[in-house]
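Following this line, the structures themselves.
Here come two complexes built around chain A, the first alongside chain B, the second alongside chain C.
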Partner chain A sequence: MTGKTQMTHPAQPVEPILSVDGLSVSYGSARQPLNVVKDVSFDVAPGQVLGIVGESGSGKSQTVLAVLQLLAEGGRISGGQVRFEGAELQSLSQRRMRKVRGQGIALISQDALSSLNPSMKIGRQMAEPLIAYDGLSASAARKRCTELLDLVGIPAPAHRLESYPHELSGGMRQRVLIAMAISRNPRVLIADEPTTALDVTIQAQIINLIDDLRKELGMALVLITHDLGVVAGIADRISVMYAGRIVETATTDQIFAASRHPYTRALLSSIPKPDQPRGERLKPIPGLPVDPREDVRGCAFNPRCTHALASCTESLPAMIAAEDDGQHLFRCPVDPFRLAEAEGPRARLQGNGGMS
Partner chain B sequence: MFAFIIRRLLQIIPVIIGVTIATFFLTWLIPGDPTNVLLGPGASEESRERLRDSLGLDQSLVTQYLIYMGNLLTGDLGQSISFSSPVSEVLFRRMGNTALLAGAAIFVASVAGIAAGTWAALRPGSFRDRGLTIVVLFLNSMPSFWLGLVLILIFGLHLRVLPVSGMPDPQSGLLTLLAHMALPTITLAAWSLAAIARMTRSAVLEVINNDYVRTARSRGVSEARIVLFHALPNAIPAVLTVIGIQMGFLFSGAVLTETVFSWPGVGLAMFQAISSRDIPLIQGGILMLALIFVLINLIVDVLYVYFNPKIRLN
Partner chain C sequence: MNQPAITQRRAATGNAVEIRDLHVRFPVRSGLLRRPVGAVHAVDGVSFDIPEGQTVGLVGESGSGKTTTGRALLGLSPANAGAIRLFGKPLEELATPEKDLQKLGQLVFQDPYASLNPRLTVGSTLSETLYVHGLSDGGARKQKVRDLLDQVGLRPEIADRYPVALSGGQRQRIAIARALAVNPRFMVLDEVVSALDVSIQGQILNLLLDLQREHNLTYLFITHDLSVVRYVSHKVVVLYGGQIMEEGPTEAIFGSPRHPYTHTLLSALPVPDPVVQRAKRGLEIRTEPPSVTDPPDGCRFQGSCPFADDTCRSVAPGLRPAPSGQRVACHHFESIDIPSDQIGITRDV
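On to the complex of A and B.
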């Protein structure tokens, strides 16, 4: 994991392929909007892996849907912009946006069973856009789909093309979704909780598969998860979201070695460690996630934060750079990392949980 | 699939027994002496007695039923009193005409209903969606004979563009036949069209927000393909059920529509049978309608399995 930072050359800025700038998403009326994503920004360079981590309801999936311009009925982008290869996606026509979807940015969604059409055979679902838009003949599309299923590790792929989704296991369905996502050679792959519905043993297989395909096909990857452990091994950068906002963004090493936001640190110390003494309880984060309907003044994490200052309840803390290179940004006036440094090595280790 | 169809066909037997029992005893409950109808009120008691004897009316009700069932098994539905020919012949001759009308009506109702329902569902709450709701309510609350009369008034009397009565003989060509069919078909289809449109609307609305529709969209599939290949096939089973039920209604609705437009089908014959107390014809007609109803349901179930592959496992 330590080699990661060197591999991506953070000092040399690469032109991002996908760039999200100040994105906000709201539901409901303009007068009483429900803001589910607030001022979210991130860049993904070609070939890079970005992990977006947050608990359910933190706005991760809504961010993804907004990027693809696929928000559900009643949802809208209320601020900011999304750029893909330099083009601003909101201003694209429906027709051009359809070309971006699948070919430019592809999505692997979380629940593989409900994400596949139950009344269509796997082969037909996979081949549909290939035949309809990419000009492949039925037999060429069939050949391609067989190769894709083989690529994602499905045994007897030609036979599986004739199956219906309900005839496959959960892991296989997820692999089919992955094969569908990469079928049109996208430049950016967005995986939204691709392993939530799966067994732990399958989870690792699927994540490794996605990462291998990314390397092989040269795609950028945005990996959305609630589990820091999932992104630890493969992400170059991690953005942590809480209540619709990015609270900390840094390289993976920085997050695990020196996270600055109390929420990130709480997430890290709630990860079970292999060397943890038997019988020791996991550390949950006290309190409940914020209900998006109530507008917490100031920092949304303040009701659950052990470090909260009086100022945290009054105004939203600004994004501060941890180092001079501007790679590590966080939204907290306290900086518990400094606090821990001052308190000594024992406290520092606590925030260091994920490294072990 | 084959075993499924055989099993369903066997299930028809108890249904037929139930229907015959019900119609047989219901017609028996109709007040009045059948000999009165057959011989007229002035007939002598002696001739009445002879008729009762020859028709078996002096036997007990259960014996009468068993005789009736015995005849039924040999294909004998009895003798129609008002048409003075065998019931099976009367019904058989007219069955084709009714099927033609009902088939045309269900075709119009299904195509127009599914199209209208889908069209409305794509923009829920829009002007066209609310417009459809009003039209559906209007069509649903209108008695079919009334609609038939209004159509006759408009197209037959005022505009004089369409024939309003009867069925042309086969020599006069397809166009004449279609012209004669137009008004009765619309009349018969109206109610079903409304029901099918309403069901399609809600079924499409239910599936259009499913994750797999989003998956298709995220792969760049166009809205037209999404509606045709992802939303409709998953919405169709619910709509099929309604179409099946509506087809049953169509055959009974044909009684009124055929009467209004003098269409020589089973419905018109049934109307005449009821007005002239032609009990064998009533019983035969109801039995046939019940049989059609059951067969249509069987076809719907088979189609259901076709559209929902998950059922195939069981």
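On to the complex of A and C.
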């Protein structure tokens, strides 16, 4: 068993630090809303790593923005609630919410270049919140920024404070963003596709860095990605999103070894394996990714699902638990043996090769 | 390394593409008069062949010179030195008139959102390409547009839509259809699936393989994603800092990689398997790309290589054959032994 030692033990649940319950996000008018996040719930315990996996349009980034109360103009939380350290975030004043954003929950966004001010030196951008919110003096802030850059592995940190963003490589810029995110000692770090635009070697370095910092600073981590490989090594739990909903949530080992939702399974088998022989056809998911403007009746995955039952096109399948402990939840009524049978000998089924 | 006189080999080699000692440099200008003060050595002595009907996967990270190599093959990045032959003919001969070269080789880009004109319907985009390449009869063009859409697995109604109404995968199919419009024999595919969702990538890769079989197409498949390259390529060329580090049959590169850089790339690749990923968690992965304006003496990978010694810092390694079938540009590859279950070379550095 190589599982994480800090994994929450099912028998004695730890009080979550971040708790999202039935969250829905809508854009547009109340009469014709565009629902981009639907009834999303998850908990993150202190020090835990939650991976949220989904493709474009699955609502994963909108979920994060809603958690931070940073939805774009026209977007609103149309249902559910977000609790951080027990406090309901929607009811907080702007002032208190600003405090939560830096010191409670910090965000590392996808696009490092556009997240940094191109006309301001790294040092000044980093120091600004430390001076404005934490009341540090200019020289103390400078010292802290140097320490932070050193912590995220930037060589010659004092020298780098004088650089402009364009003078840094993509990987270095992402390190600067990480340094800024942890600068006010947040309890929860949310990383939204932090490595998407980066080369594979840099990607591995950044993911390792984020996870090292999490351990060192005792943060919880929510890692949002479209790449199951990226979360495989560090997540304790994974929630898979499709069309604005969480369709399956389980421990990392359960997701990879015994997933129960056809979308999760199809996603896993569509990834080219490292030992995929040349010319052996890949198994992409048929059809098109879901368009949030379309409201599919029943399960949103049913048009692309090879196992769909008649009931799947009529009503939304309920979230069911694979076992009594409630660790593994999924929205699919299809019999697991039918799933495995239809997928052939390479299919993984619960209990086969599972690690936990 | 001796330069074989490729003039003597003609097309009889069965190679669709032959590149010999390709150099591409971009001037770096500075000051009021924009005087050249140096040069970016984007591609620095690259040679490889692509047999007709096959695929070479050109792998490397940003700045490795992979896109520049692909563009040079289609005459879009002027080579400073070296020779390129397509189907036995020197590129310079093919490059005028430009259309002849375009008919032979086509380029498909990474970003299907930027490579299609948003103001033209899909039908007009394809029709325009056909018109430019001499299909003037309107009715015939319409029919051909329908054929092209069918070839890339799209319904004919798509012709009336604008790119904005299409998904990323559909757009990439249109970009492929546009490239097919001139019946090319060779295609440079530059990161064609990188911008697509994983569930859609496979659809496009399967399509490309089908088209290759049907039309005996030759591909240069440029990517940073090793997992994709294994699936499509007969041969893999690994670039770093404008030079080839390792090249050879796909099975050899993936089965027994010999260059420390190839090891680094493979170990950094995220694998959808928690056991493997956790085991790799302790590996330290370092890469410090070499300066492109002032490349170091010796091996380009020396700055990030745990095995680098004085020889590596002074003498540039040439490509030498390895027993497993590939050629490797490393002074020490014979003595570097990494267990296959431990493809992380930078452990314990």
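In this section, the second predicted complex is superposed on the first by the 328 of 356 C-alpha atoms of A that agree within 3 Å, B and C clash if a C-alpha of one lies under 4 Å from a C-alpha of the other, contacts with A are read in each partner's own complex, and residues count from 1 in each chain.
What we mean here is this: a residue touches a chain if its C-beta (ideal position, glycine included) is under 8 Å from a C-beta of that chain, and two chains touch if they have at least 3 such contacts.
This structure is a prediction, so every number in the text was calculated from the model and none was measured.
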item	value
Chain B versus chain C as contact partner of A:G218, first or second or both or neither	neither
Partner chain(s) touched by A:S115 [first = chain B, second = chain C, both, neither]	first
First (chain B), second (chain C), both or neither touched by A:G74	neither
More chain A residues in contact [chain B versus chain C]	C
Touching partner for A:G326 - first (chain B), second (chain C), both, neither	neither
In the complex with chain A, residue positions of chain B that touch it	124, 209-212, 214-222, 225, 229-230, 233-234, 307-310
Contact set on chain A toward chain B in their complex	68, 70, 72-73, 98-103, 106-107, 109, 111, 114-120, 125, 128-129, 132-133, 164, 166, 177, 180-181, 183-184
Chain C residues touching chain A - in the complex, by the definition given at the top	61-62, 167-170, 197-203, 205-206, 209, 224-228, 230-234, 250-251, 254, 264-281, 285-287, 289
Partner chain C, residues of chain A touching it in the complex	2, 55-56, 169-170, 199-205, 207-208, 211, 226-230, 232-234, 252-253, 256, 266-268, 270-276, 278-286, 288-289, 291, 355
